[in-house]
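Chain naming follows the written order as A, B, C, D and E, and within any one chain the residues start at number 1.
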Amino acid sequence: MTGEAAPLLELRHVGKSFRLRGALFGPARQLHAVRDVSLQIPRGSITAIVGESGCGKSTLARMLLGLETPSSGEILIDGQPIGALDRRAFATRVQPVFQDPVSSLNPRKTVAQIVRFPLDAHGVKHPAWRAARVREVLELVDLPQRLMHSYPSQLSGGQCQRVAIARALAIGPEAIICDEPTSALDVSVQAHILNLILDLWERTGTAFVLISHDMAVVEIMAQRIAVMYLGRVVEAGETAQVMRDPLHPYTRALLSSVMTPEPEAGLPEPAFSGMAPDPTDPPPGCAFHPRCPRAFELCAVLEPVLGKPAGAVPEGKGRQLACHLHPPPGPEAAQADRGSR
Amino acid sequence: AAAQPAEDKLRLAFEFPISTVDWYQDAKPEIEMVAEAVFDSLISYNEETNAYEPLLAKSWERVDPVTLRFALRDDVKWHDGEAFDADDVVYTINWLIDPETKIRFKANWKWIKEVRKIDDHTVEIVAKQPTPHDMMRLAYGTQMLPEHVHGKLQDKMAFRDNVVGTGMYKVAGIDTNAGIELVKNPDYNHGGPAKPASNVGTFHIKSIPDAGARTAALLAGDVDLLRNTSYEEAVALSADPRFDMDVLQSVSYMYLALDALGKSGNDALKDERVRRAIMEAVDRNALQRARTGGEPEKRSPQALCWDFQAGCAYSEPLPPFDPAHAKKLLAEAGYGDGFDVVVHTFGSTRDYGEIVAGFLNQVGIRASVQPMTFATFRKLQAEGQLGVFVGAWNAGVGPDVGTTMGLFFSGDTKDYYHDPKLIELAEKAQVTTDPAAREAIVRELLDTAVQKSYIIPLSGIPIPVVHRSEIEIAGGRNMPYAFSLGDLNWKQ
Amino acid sequence: MSAAPLLEVADLNVRLAVPHGRLHVVNNVDLQVGRGETLCLVGESGCGKSMVALSLMRLLPRVAGWSAGHLRLDGQDLSVLDDRAFAAIPGNRIAMIFQDPMTAFNPVMPLGEQLFEGFLRHRRGDRRQAREKALHLLDRLNVPAAARRLKQYPHELSGGLRQRMMIAMALMCDPALVIADEPTTALDVTIQALTLRLLAELQREMDLGLILVTHDLGLVSRMADRVAVMYAGQIVETADRRSLFAEPRHPYTRGLIDCVPVPGRHRAGGRLGTIEGSVPMMLEGVPGCRFANRCAFVRGACRAQAPPVRQAGGRSWRCIWEGLPASEDALQGAS
Amino acid sequence: MSRFIARRLLVSLLVAISVSIIGFTLLRLSGDLARELAGDNASVEDIARTAALYGLDKSLVAQYFDWLGGMFRGDMGRSLFTNESVAELIGERIWVTVILAIGSLLLALGIGIPLGVVAAWRPNSLVDRFALTLAVFGQAIPNFWFGLMLIVIFGVQLQWLPISGSETPVHFILPVVTLGLSVMPQFTRLTRSGMLDALNANYIRAARSKGLPVRRILFRHALPNAVLPIVSLAAVTFGFLLGGSVIVESVFALNGIGYLAYTSILRQDFPVVQSVVVMVSLAYIVLTFLADLVNARLDPRIRPT
Amino acid sequence: MTAQSVPAARPVPEEPATLTPNQLMRYRAKRHPGLLLGGGVTLAIVLAALLAPWIAPYDPIQQDLLAKLKPPVWAEGGSWAHVFGTDIYGRDFFSRILYGARVSVFIGFFAAFVSAIVGAAIGVVGGYFGGRVDAVVMYLVNVKLALPGLMVALALVSVTGGSILALVLILAFLFWDRYAIVCRTVTQQLRGQEFVQAAVATGASTPRILWSEILPNLFSHIVVMMSMEMALAIVVEAALSFLGLGVQPPTPSWGLLIAEGRQFLFFKPSLIVIPGIAIFVLVIAINLLGDGIRDVTATEGKG
């Protein structure tokens, strides 16, 4: 793979808005769930997307899966717009794992039938081949063969999630999009699933997109992370760097709110106050400014663009930021810098 | 509450809601039953003597083959006190024959060309052509309306709010929900022997659509008389000392007709032997007994007309009940294994249809019954879609065969025989005024119909009536409803 | 703790009648909470934490039955009260904060009324007093535009605000003990910290006993005074916060702590620690240690009979091991 | 709010138009009215003349628009058979049906809801069993049969109650009971399931954690949440009762619009039938609309802000 | 020590949590008295209906005008020759009841079946595709709901005549909307569920998703509704027959028998009571069966 090869998946200025019916009464409103997101998912990587509830993570995931078409921008796979691709062909390359292990599986089917479904859908007719593949992927996710003919209601949450992963693996995708795969699970089960994902990643070379709201999880799993706030990516970069030196106030807030087991630490300081904004009526300027402890006048007026952060910041590979505190180098950057002290 | 002659009020229940007593507006037999008590025709028909009698007209004469002249009574008052005179007759007849008038059965008066007032108490009714049943039409269903009330109304329906007639009862109230109340008209004395006044002071009529509920109402003492019940129920009810029963006789009869042209798609019926077999398979006596509890009927038509009807003549006996022979005929015709057939019936003829189907099944014809609404039945009949059908015919509602002849042998789509001879005979019967000549035509017509097994009468329609024993009913009428209100009297 | 604890529960048992048998969801649970003390009840999903909480309030599902050796609140044994007498306890002396503030408020009733009704019932006060009390609490909880909130309906508030209203609702009658069942799992991490702080502040201020039910060890490590770890209906270990995290005595506790991803603390190959196997059905007649089938330190005796409850240094644990070997490898060496 | 109403009105209008077209075509497909009106021995010319007189010779579309135009002017046409104004026919009868419907609905609500509440409070208890049994019975007994049995018992045997007609309020007792009991089960079931859902909801647990008395929990907390679908069902049921009381009206001799429609159907008097059908449909549309507004009042989540 | 007694738990031979859904269903079914009773009675009636030609002692349309209105065996003058007596045409009433079951059950079943297919198809399409398609579906449902069903049914029967096929279709027309509404709602819920999303993400064709992911989850809803609607269809058919617009004689439906019998309400009450009870028992049985199926197929939840 040469350095300049197109990434496996690439989002270019992708946006998605929903028309809200205005719950019976009131006018229809536009909800911008995702706004102008550009992101690259390299082959064989684990990329994490983190952010608060409602910031558009799932919507992004659904677009990556082709379940939702972007209202603007485009998504490329191997440099090809996915719109140009046959829906089925695309599906063989990107597969999902969802949050809720129970609703992820059809309650009326056995494990074997569930895992076989993608094979059926893609016309793998030969029964022996099909059965072999089912057995293979179940082994891969470390699920005992005896559960082959069980129904989801007979499985534990962790087992269900394994089945879901097995199903995603069945047609050998190049990327698996995991939308909060462990947030419904207990820590002990979460540990199993996360370990499993790491194992699979090592063994199959599949790229994973891991969506989560848990910085701690992201930290140990992903090479790259993207932090989202209200539909936008506000900071992205290599995990180690972002963790060590978060630039965006929101990223910092997220990091400082993580409660790791540290008996001496006490409850973290609330990183910011104020309520989460209404996504149908986002604040002008930087969407974070009403809650940002370091906001200044410009923030309320001008929306910062995502770019390479400048200044004293160590330049990491692919580090990106959207904050007036660290404006990208350029003519207007000087002006923005003035207010930062 | 029991019936109390003391209160002098007789209560009846009809099957339909009654919102008017004006038969022209709502041409149901029940309405006519009431209308007859409120209104009068020019003449009446005495069913005992088989003769026309004076009513609103004192006398009449046939001026020429198309003109009838009536001398009207000068002592008759409308219920509101106005005098009845020739203007009312002229108004009524003119209204009936006006093409713009929206009433049902307008064909009943299409024979009338014009009506002339000669003087205040003399009118002439002129027919378009010699009409043998003109008197019958004037005696039945042609009731006189008050010009001074009816004539002024824009919306003739509003007449029900202020009903004015000349008859033996005045309308004291009409309300869809409360029913109709009729009180005796003390001034009524022009009825003569054919239409005598009843001794009942007040009638109250309400509607109870459900048969079970009607019976319940009789038992609960809410009504005093029950008509349209089954014979069996009538017998059972009359076991109660409070009640008596009468089986009255209506002029209507049931008939069994076959699609001899095969229009309905049933080729078997084209075969005369098959038709004959069907007719021989039906035991008409048993069928009649079933409806009268073993009593053979007082009257049962032996042809498509009643003996008492003017112009009625026939000699061919009806097919005997002979299932063995019927089977033989079927075998001869190649239907030894029977065939499928649907017996079409409507409303009240369904019972008979079921019995007929039962008989047909016994000779191997697989018959099922298709009951339908009257409207659908008439439509299918007119379209020639019926195969075997049991119909009811009111015999033209009067003592004359006139209108019956045109019905079955009209030559149009509702004629299932298209027998040129019969069509011609039927037409002739309509215009032949000479009684003997007409009888000859009718005889040939009816005999042919039976010989060719086109259509036969099945039975008269006995109407069991259960009533409180304080009531007596004067005998049957040439009417589909068998008796009129005026026929009900308290026992003396 | 010198004085008698605020709440003292001994030998609490809860049984559930389910179609296929009788679930022992809470077994021989002993608990103590002092005034101003926070006890965290921690354990995996389904281990019976909520059942413990609900049984203290007598809010168990209809299919449940309970028994207790004693259940003393401020010295009064609540377990001997009949339902009528007990009616004065919930909402008044013991209050509860529920997990999901979205569904724990009646959607068609104004928030104000929901806050007031308990007060009106137990304090026999009038609406004005209730209002004052509510406004005071909301103010303490940093709820903006508090007066207006009282007229609003639950759906009109954000999750964080709703949870603070819920806390206010629990505190309306100045209870002695508050049971918070996973009060922040439905909230975003950033709001979680804020909410917990406010709760902790109020608790200190009002000298409340707090039972915090949770499965989040991180939260436990920062909130608890004492921790009770539950596994399959039993409390397997009780300790003060520091010693628990410093030296877990029960294998389950240790396994649990190992599972938690901690930035910077990677294991070999970047993997997390795990506990193999899954929670057993809590049916009748399970002999031996309930954790035995998942335990890395299991001995033959573990399966045969229930392990003893050991007590030392203010902590107690339910294990045959007095102190756990340093690791499984050490165990291999030892055996 | 106004947007919502406008939307609903537009949909309602579309529905109403479709209903009117269906109502209009219903009986036109069969029967040869002109022949029927002209009488048995009418000739072909007579029939043609009659058809022209009644406007039956026009195209169906033209007839439809004539009728629709009339409807907008408040003129529903005239019965073909009695020449009576349809508006008057309906006007005379509608009250009987409305009283019957209101009475039955009140009975159904009055028994059904409390029964459902009690049943839900103690599921599988004796009361619950009884409520469910009653519900099943109510569904299983054909109401024409039940009506006749009531007549036999209370009208004929005991002679306690009048059995036919609509003269006094007492006359409505038996029909209201017959009809009311046949629609009651739905309310019991819906109340029960709504209450069960509500009682299983977290907010009930929260309310109980406040130590509130049972009565308040049942009626102040649970019932308002369970009542929303009941309001909708009540509207739908009222519409149903207006159009579905044919049998009870016929058994108890009530001259309502159900029976009017039935007799008119029998003789294919389509001006009457189509007007009744459309009237009942409109009533239904208006009622469900009102129910939505009521629910919007009751439920703050859909209330306009 | 105080305690509240634990409600006694029924002992169980095996551990049902490890049962497959089908096994669990069977397990529950065997312990569901309503289901067993309802199912048993329904089965008995259906069998009686199917086997009517073999078990009926007489031809149900065979008239014997000499033996009319014979009382049933338990009444005075009754005999075992005619267990339920005879009707006004002397037809054996027991045989007519048996054959009536045939017609009632047949009409009820097929009306429920046809309406289920139509309604479910419409509902699933609306629920799955949403948007305009759903708007059209809701519009259809609204029009249907706005029409006074019984009146329309009466009008349609009067136009088409009471052939069994016509009745089935008309009753199906009366009932399809409930299936549509329920299937639409359930489909909407299912569509949002992650397993359906996963199926979409595998690139499976829409028909395949509807068939293998949506339909199996609708099945129990449909079966439960079918039982309710079948019961209702039987009652409504009876009502139509009662009004004289039902099936065509001489083969009777139970409703028709009631209609025929009502004139003997006071003198031969057996003629109206027997078919009345027959309908009652069948409808209750079907309802019990339906309730039972619902309980048995319910997905597991707490409580």
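Everything that follows uses one rule, which is that a residue touches a chain if its C-beta (ideal position, glycine included) is under 8 Å from a C-beta of that chain, and two chains touch if they have at least 3 such contacts.
Fair warning: this is a prediction, and the values are worked out from it, not measured in the lab.
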Which chains lie in contact with each of chain C and chain E?
A, D
At the largest C-alpha centroid distance from chain A we find chain B
Please state whether A-C or C-D has more C-beta contact pairs across its interface.
A-C
Based only on mean CA positions, could you tell me how far chain C sits from chain D in angstrom?
53
Please report how many Å separate the Cα centroid of chain B from that of chain E, as a whole number.
45
Go ahead and note the Å separation of the Cα centroids belonging to chain B and chain D.
38
Counting in whole Å, what is the centre-to-centre distance of chain A and chain B, each centre being its mean C-alpha position?
87
Taking each residue of chain D in turn, which ones touch at least two of the other chains?
30-31, 148, 152, 156, 250, 265-266, 268, 301, 305
Interface hub residues of chain B, defined as touching at least two other chains
210, 212, 216, 219, 373, 375-376
Give the residues of chain E touching no fewer than two other chains, as numbers and ranges.
17, 158-159, 262, 265-266, 272, 303
Could you pull out which chain E residues touch chain B in their complex?
59, 61-63, 65, 68-69, 88-89, 158-159, 161-163, 244-245, 248-251, 262-267, 272
Seen from chain A, its contact residues with chain C in the complex are 52-53, 156-158, 186-188, 190-192, 194-195, 198, 213-217, 219-220, 243, 253-254, 257-273, 275-276
Chain E partner, complex, touching residues on chain D are 11, 14-16, 18-19, 22-23, 26-27, 29-31, 136-137, 139-145, 148-149, 152, 156, 200, 236, 239-240, 242-244, 246-247, 250, 258, 261-262, 265-266, 268, 273, 276-277, 280-281, 284-285, 288
For the complex, which residues does chain C have touching chain D?
54, 57, 59, 87-92, 95-96, 98, 100, 103-110, 114, 117-118, 121-122, 153, 155-156, 166, 169
Which stretch or stretches of chain E touch chain A in the complex?
17-21, 193-195, 197-205, 208, 212-213, 216-217, 219, 299-300
